[in-house]
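By letter and in written order, the chains are A, B and C; residue numbering begins at 1 in each of them.
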Amino acid sequence: METNSVREASFIGSSGKDMAQPALTATQKNAVAVPKPAEATASRGGSRMLKRIFSPGVLLPVLAGVLFLGLWEFEFFHKIFDLKKYQLPLPTAIATTMRDNFSMLLSYTGYTLTEAVLGMLVGSAIGFLIALAATAWPRWGSGSLTLVAALNAVPIVALAPIMNLWFGDGIGSRIAIVTATTMAAMAINAYKGMAAIDPLALDLMHSYAAGKPAVFRYLRIQSSLPYVFTALKINATASMIGAIVGEFFFSSKGLGYLLSNSIKVAKMPLGWSCIVLAAIAGVLFYLVVERLEKVFIKWHPSQRK
Amino acid sequence: MKGGSIFVRGRLLPLFVWIFGLLLIWEGTSWMLLHVVETPLAQSKLPYVHEVLSTLWKYSGTLLKEGAATFGNAGVGFLIGAVAGASLAVLMSLSKTIEQLTFPYAIASQMIPILGLAPIIYGIVRDEQTSRIIISGYITFFPVALNMLRGLRSVDPSALELMHSYAAKPWAVYWKLRFPAALPGLFGGLKIAAPLAVTGAILVELMGAQHGIGVIMLRNLYYGSSHTYMFWSTVIVGALLGIVSYWLISLIERLVAPWQPEFRPKGGSR
Amino acid sequence: MSLLATNIPEIQLENVEMRYRAEAAEVLALHQVSLDIAKGEFVSLLGPSGCGKTTLLRLMADLIAPTGGNIVVAGKSAKEARLAQKYGIVFQSPVLYDWRKVKHNITLPLELMGVKKSIREERALELLDLVGLQSFADKYPWQLSGGMQQRVAIARALSMEPEILLMDEPFSALDEFTRERLNEELLSVWSKVQNTIVFVTHSIPESIFLSDRVFVLSPHPGRLSAVVEIPLPRPRTAEMRNSPEFFELIASIRDSFEGV
């Protein structure tokens, strides 16, 4: 399967090259008027599955990963960097710790994930509203956009104590941190999406004597969805980081807390377990967003075969 | 004075109004919390703007010195990471095998809370300078690699065919076509990574370093409400470091790749 | 199609002028253009690039405002005509919404006007029938070819049953064969709908095949250099494209271009 690999690297600064095609480009296919046959999803034979598993795109990284773990286990990295086992635990030690503390790790993961998801939702919602305001009232609204971008530059590590002061020790402060860190990505991206419209489409709306609210409702918001999902994907990963950093400093529960605690009491395998679980949770969160993307913008070029 | 009209007509006035308005609301709320609602720790939660600013000014020497320490380390790490990332991108563009090998890990690495890795790195290396550099480098590495790769890939196939028709040597194609075409992507990655590198550096400091803005931040936080203005000053410095790093990259971008559409004067509508 | 269905022109331009300020210089896009278009007529605005034909159409559509002169559309000012939805417009690219099915793309203007759903659905079927795309109602735009997408755009433009249809080089992006076929289909649609059509094109044969009259525009500055009557009988047929009269008309129009 051809990997249109770089497409999946969704970052703010990508200047929307991903979504460079405005959603309204007509596909100028002057073939005889036969619509594309609905193929693709049809054949799902077992042999096809097998081919996908053993394709180089999957096999190579998996092999590389196994190799990496192998080297690690056999203390290759320890020798190179002159590390002791207590500094860098072996994969087997980490796995054992994970198994032994499974229920605690699981519940903490859930806790952290909740913070991440809730914060992400609130932050994205606010970011979207800011983009809306900036598009609807360009002169005055864009000031809010600049402020949000500046907020993005504040290091997370400074936000943590501030949110703790404002919202106390509970789950609220971590959600606030995640909200603050996810607002900007959404605001910037959604704004770009609302503006990236074929000028002819705007002319068309003008010819329908459609007012600003109608233009938003029928055109701008739909157009912005691909960009919104890019931002949601970025935010999915950023939110986990935000939640963990927040817990790192001020919390009594969650993966971040456990991580910081493990380091304090020099229980490194447990710390590494936290990281592994955090990574897995992050990936799952990301995949969920991707799935939603398939549902909500199935019409977009990036989602078609 | 005619010059005022540009200020008023352009986007600057609304921005200034926003900033001024925000500061006003901040100051007002601060006063309210202190005198009207009498919230405990009112000045810690929302300090007077003028107090923070005066503290910032008074201790600007220290703040600048520590800020420079952080910035310096972050910068070194950033450079190393950027070079490594760009190199990886070039390799990935040259060989499909390398790309297939490394790409999934590139994505996965974004999922690992890098900022969660920081304490572990510090725990292993135990030297604050090196840790800062490693973390900054790591944070920079992947966004730069991925964005640069997209840039390298964004070359118009027709342009490549043209090069082919000139019987251009591969390295010439790279140097004259692919590389300049990749610059916008590269700078996109750099702009994202720069503030992150600063954040990473600060995070390392919070784990027990001697120098750096994060150290001052933590110290003042733990001294409590009497030092709140200093704490907020460090927050501002931290934010400024992030903003400055972003602007620096943008400036360099303008010098190195000025042909991009975003830098062209906005033409009148046709 | 009769030229004089009524005496009052459907569209009237009087000394219309359009100036742009671009960079350092001033560009005169249209200079003193006056013309009348009768109700039920099919006219073309024909000319090379830079002659202002698209500008002229956009002025009629109130997408831009003239710097001089007077425009009357369906007895109102251009702006009032737009607000009253007196015309439908088709651009060079279909500008369909990728996220809506074909039938919902067609009824977009009706939705904007608050027309009831049941009526909209009826109308969608009628219009699909009119442009011959009945079986594509539930498809998405990208599943159709370029020519079919333009037909959807035309159906959409007709959804409000406007008195006037403005078309800005709608078939320029298509190949010659598709274009000729769509020309014939357009005429067939027009014969059923019987409204006024203003058609912008740079193709001389196309303008002759479709129109009752051709307004020939020349550039630098954009101005009306000739009005050519097309006495070919209706309904127009494909064979007419090869007739001697057709070629004569091509020649006479070509001659009437000034300064090209």
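We adopt the following convention: a residue touches a chain if its C-beta (ideal position, glycine included) is under 8 Å from a C-beta of that chain, and two chains touch if they have at least 3 such contacts.
Predicted, not measured: the structure shown is a model, and the values here were computed from it.
The most distant chain from chain A, with centres taken as the mean of CA atoms, is C. Of all chains shown, the one whose average CA position lies nearest the global CA mean is A. Each chain gets a centre from the mean of its Cα atoms; for chain A and chain C, those two points are 47 Å apart. If you average the Cα atoms of chain B and of chain C, the two centres end up 52 Å apart. One finds 19 Å separating the Cα centroids of chain A and chain B.
Touching chain B in their complex are the following residues of chain A: 3, 5-6, 8-9, 11-15, 17, 56-57, 60-61, 64-65, 81, 83, 87-88, 139-140, 142-144, 146-147, 150, 152-158, 161-162, 165-166, 237, 240-241, 244-245, 248-249, 255-256, 259-260, 263, 268, 271-272, 274-275, 278-279, 282-283, 286.
Residues 11, 14-15, 17-19, 22, 41, 44-45, 97, 99-108, 110-117, 119-120, 123-124, 143, 146-147, 149-150, 153-154, 184-185, 187-189, 191-192, 195, 198-199, 202-203, 206, 214, 217, 221, 231, 234-235, 238-239, 241-243, 246, 262 of chain B are the ones that touch chain A when the two sit in their complex.
Against chain C, in their complex, chain A makes its touches with residues 23-36, 198, 200-201, 203-204, 206-210, 214, 218-219, 222, 225, 297, 299-301, 304. By the touch rule above, chain C contacts chain A in their complex via residues 58, 61-63, 82-85, 87-89, 91, 93-99, 108-109, 111-113, 136, 139-149, 173-175, 178.
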